[in-house]
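Two complexes are shown next, each including chain A; its partner changes from chain B in the first to chain C in the second.
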Partner chain A sequence: MSAVVIEDLHRDYAEVHAVRGVSLAIEPGELYGLVGPDGAGKSTTIGCLAGLMHPTSGSVRILGEDPMGRRSTAREHLGLMPQEYSLYGDLTIAENLWFFGQLFGLKKKVFMERRERLLGITRLGRFEDRRADALSGGMYKKLALSCALLHQPQVLLLDEPTNGVDPVSRRELWALIYEFVADGMAVLLSTPYMDEASRCHRVGLMHEGHIIAEGAPGDLTDGLEHEVAEVIGGDRATLHGFLEGRDELVAASPAGERLRVIIKPGGSATLDAALAPLGASLRRVPPDFEDLFLARVAA
Partner chain B sequence: MIRLLGMLASVAKKEVRQTVRDKRMMMLLIVAPLIQLFVFGNAVNLDVDHVPTVIVDQDLSHESRQHVARLLADGTLEEIARTHDTEAAEHMLVTGDAAVVLVIPPGFGDDVARRRTARVQAILDGSDPNRANVAAAAIATYFAGESQRVQRERGVALASTQGFAAHIPDVVVDSRVLFNPTLDTAVYMVPGVAAMLLLLITTIVTAMGLAREREVGTLEQILVTPVPAAMLIFGKVLPFAIVGLIDFGIALVVGSTVFDMPLHGSMPLLICATLLYLMTTLGIGLLISTYSSSQQQAFLGGFLFMLPAALLSGIMTPIRSMPSWLQPFTMLNPLRHYAEILRASLLRGAGLTDLITPMSILAVMGAVIFTYASLRFRAVTMK
Partner chain C sequence: MRSLTRIWALAAKEVRHVLRDPRSLYLALGMPVVMLLLFGYGVSFDLDGLPLAFVDLDQSQTSRELRQRFTSGPEFVDGGLIDEDEAEGRLVSGRAMAVIVIEHGFERHLRRGEDAHLQVLIDGSDNNGATQTRAKTEMMGRIFGFQAATRVVSASGSAIEARTWTRFNPESRSAVFLVPGITAYVLAIVAVLLTALTVAREWERGSMAQLFATPVGRLEIVIGKLIPYMVVGTLAVLLVLGVGMWVFDMPFRGSPLALAVLSVLFLAGMLGQGLFISVLTRNQMVATQAATMSSMLPSMLLSGFVFPIENMPQVLQYITVVVPARYFVEGLRGVLLRGNGLEELWPNALALLAFALLMMVLSTARFRRTIA
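Right after this comes the complex of A and B.
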């Protein structure tokens, strides 16, 4: 049985259609990334999965159960780390852990064991008497993650876990997440950073309430029919004006000293020829996730 | 069940921790009520005395001086100026320096001496009707008494000249004041103020506490745990119900020691009534929180409820003197019923049988408000 199943999920807020028909499934031990810009509908999808809001239509299932159901035990198996601050700033690390442990109804012995383990792997043990509002962004996220993991959920939902976290802490967070995935946890995380997509087992590219591409990160970029290239030589200002009018082009953006261009399928030969008089030429580069996103959005 | 109680206890414990750590909150809960009790008990004084009075004595006779001195002697009126100029005196009414102008016209002493009808004029500032009434009554009572005395003296004198003893009949009112023999306003006010304080503390603190969880985002994290909404709500309001009881105790101690308020009623009855009342005030706080997305909104919402509730409670002004169409609405005001119970029980020693009506109303009101607010809380949080 899949750990998470979403079928044709729609969710509207008054006039806004935040999610417009999302379907996906996540298996135990899988790390699934919902990648997309702000406003794509990632948080709404997670909110529906966590049982915090009702779907307008469609269904969500956690281990086969509706998280909104009255007799549902889905919450016992679900961990959520919301995007915004969600812990008590005026309580210490230890007190926050204690409080959420209590809400999950953990027995004292079990709680103490898990607490020690989580404080150990997050290396927060030294700071357990520090108030949560006195923690750095990275430490705070690690504490929030610990609170969401106390009851050892089978499904973990992480809404933009790396947002506002420094690069060192970000690496640590990823290492932690991998550890739990390896233990068989199903993890769904959202991120606006395209470069983080490649860290997931499977990715759903989200845009305006739809999943516009889904698959293993490598397969997705390999399967891109568009061509991606850097423009070598020529005067940059002239090139920019010239490229703007070309039909072959999907997008052009500065990449270091050069221009990086995404070209419609089969358009590179003509573009290359057109560039020659300007003293410039194309050099193919492997597409990355941002290219994939831009190409898909343009389509 | 044990698991649920454990959750309830931990929510309550967390709430206490946060509250104790928040110095402003502790001030609001414990120190502010004390201060307010003192301030209200002393300042909200319905006894009218020391009404500023300008004496315009145009007669300047021995009689006029004597009567003015005797009129002022009971302290209801206080002389602030003496002048011959009526216009200057009236101007003091406009500026608010004076509330009464007493004019003794020329010839007053002469009229009294010659046993003719004498006249004095009182000009009153009616912008505070209560004060004007009391001042007018004080002046009228004094001169009525004087008239009666003069009539009596003349009657006796007349009778003796005719050679027989005078029997002038009279009705004497012998009034005895029960429960608050010195008619001290503070004794009457303190139970009312205590009722208002409980409302202020429990309603606003509950509304703000829940709005804070929503505003800060902690509510989301709680809602994904298996804790039922009812345990969350009870856990959050329980500590403030206890604080409410403590404040109630403080009010009783301050009331009886500082303001000589009697403590006639039975304590179990009072505590029971207080718990019923707290159920309504906490329920209202919960209800307000469901309409607020921030602590500020909750705070304002709390005040929006508090002001009419206090005005329509009968604490400051008697309900019977409100417009008749407004009076039925006061039945919906828990503050009214609780203040009624407190006054009846504390000051008059009323028992359960005397207070069964307001007690039942509070109980029904509390159950309805609390249930509705909890249901709404659940509906609003699950978007």
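Right after this comes the complex of A and C.
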């Protein structure tokens, strides 16, 4: 049985259609990344999964149960790390952990073991008497993740866990997530950072309430029929004006010294020929997730 | 069992919030005492040294005796004899609270056992003072007339003595009458405010989403939040009554058990009202406004604290039936002044219990587990 199943989920706020027909399934031990820009509908999808919002239509299931159901035990097996600050800022690290441990009814011995383990991995042990609102962004996120992991949920929902986190803490967060995924936890994680997609087992690219592409990160970029290239040589300003009007292009963006272009399928030969008089040429590069996203959004 | 663990965890967390930021404790314990002192010393309905002027048209032995009798107590001081046409001016300038006009033939009429007339002009701009002055002068006039009449009739001279006797508050001191009212009034405000802020705070800082993603139930949240503030509220009750007894010589004649039952039920109702407001508004600003208005006005105006319920228009009297402070004020006066116990006050306890339950049911029912 899939740990998480979403079928044709729709969710509207007054005038806004935030989620418009999302379907996906996540298996135990799988790390699924919901990748997309702000406003794509990621948080709404997670909110529906966590039982914090009613879907407008469609269904969500956690371990086969409706998280909104009256007799549902889904919440017992669910861990949530919301995007916003949602721990108690005036309580210390130790007190926040204790509180959530109690809410999930952990026995003292079990609680102490898990607490030590989590404080160890996150290296928060030294600060356990520090108030949560006195923590740096990265430390706070590590604490929030620890609170969500205390009861070792079978399904973990992480809403932009790495947002505003420094690279070192970010690596620690990922290490912590991997450790639990390896134990069989199903994780749904949202992120606006395209470069983080490659860290997931499977990715859903989300845009304007739809999943516009889904698959293993490598397969997705390999399967891109568009070509990605860097423009070498030529005068930058001239090239800009020239590329502006070309139909072959999906997008052009500066990448260091050079311009990086995404070319529609089969358009590279004509573009290359057209660039030659300007003293420039194309050099193919492997597409990354940002290219994939831009190409898919343009389609 | 796990439910108890969760309630306990919520209560303990709430206690930590309160201790981390003791401002709410100052509010809960300081405000009642300050208000009690302000009201107790500042507000007095007692008549004290009001100037009384006399127009003596009778110029008799009896009229002089009457004047002397009126001003011998602490309520009135003699404002002097004036002419009839000065009376209006005295009242307008505020130099007299009332003018007593003793008509021609006052003594003669009394002697003959006929109706003797006194005219009393009262400055009605101070409503309370005017009412009390009227009552007092009427009473004194009647006693005087009665005594004068009996003296004439019975030659033995053993005049019947007329005496009024105010039970339960013999000196008719305002403070004694006010303390139960103030207690209910400040407790209502403090209790409603305390809980009105706590749920709204969870919404504002985003912790509600985190809480809702756990197995914790709505009723568990409601109870977990009530318990600590129940303790704080009980402390406030003890503090206010203690100060009332110590500073204002408030008596305590009735059953401590009745006092405890009434206080706990009243607190539960008020805390529940705060929770209900908090659940509805989800916003500390709005919750504060709603809490203050909804607790202050009814407990001040419709509880019988300041204005006797029997004197209210019929419609308002019906409205007071759903004001919990009414039952608490009545109950407190019963326990403290009249020496009542639960035998007399069980209807009040029942009314308070009904309100408390209603508030808890409403808060739980309107508590949406969704964030949008």
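Everything below uses one rule, namely that the second predicted complex is superposed on the first by the 299 of 299 C-alpha atoms of A that agree within 3 Å, B and C clash if a C-alpha of one lies under 4 Å from a C-alpha of the other, contacts with A are read in each partner's own complex, and residues count from 1 in each chain.
In this text, a contact is a pair of C-beta atoms (placed from the backbone, for glycine too) under 8 Å apart; a residue touches a chain by one contact, two chains touch by 3 or more.
None of these values were measured; they are calculated from a predicted model.
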item	value
Fit or clash between chain C and chain B when superposed on chain A	clash
Touched partner set for A:55, first chain B, second chain C, both or neither	neither
Touched partner set for A:88, first chain B, second chain C, both or neither	both
Which superposed partner A:76 touches (first chain B, second chain C, both, neither)	both
Footprint overlap on chain A, where chain B in one structure and chain C in the other make contact	47, 50-54, 73, 75-76, 78-80, 82, 84-91, 95, 98-100, 102-105, 147
Chain A partner contacts - residues on chain C that touch it in the complex	2, 5-6, 8-9, 12-13, 16-17, 20-21, 205-207, 209-216, 369-372
Residues on chain A engaged by chain B in the complex (per definition of touch)	47, 50-54, 68, 73, 75-76, 78-80, 82, 84-91, 95, 98-100, 102-105, 144, 147-148
Contacting residues of chain B [partner chain A, same complex]	3, 6-7, 9-11, 14, 17-18, 21-22, 216-218, 220-227, 382-383
Of chain A, residues touching chain C in the complex	13, 47, 50-54, 73, 75-76, 78-80, 82, 84-91, 95, 98-100, 102-105, 147, 157
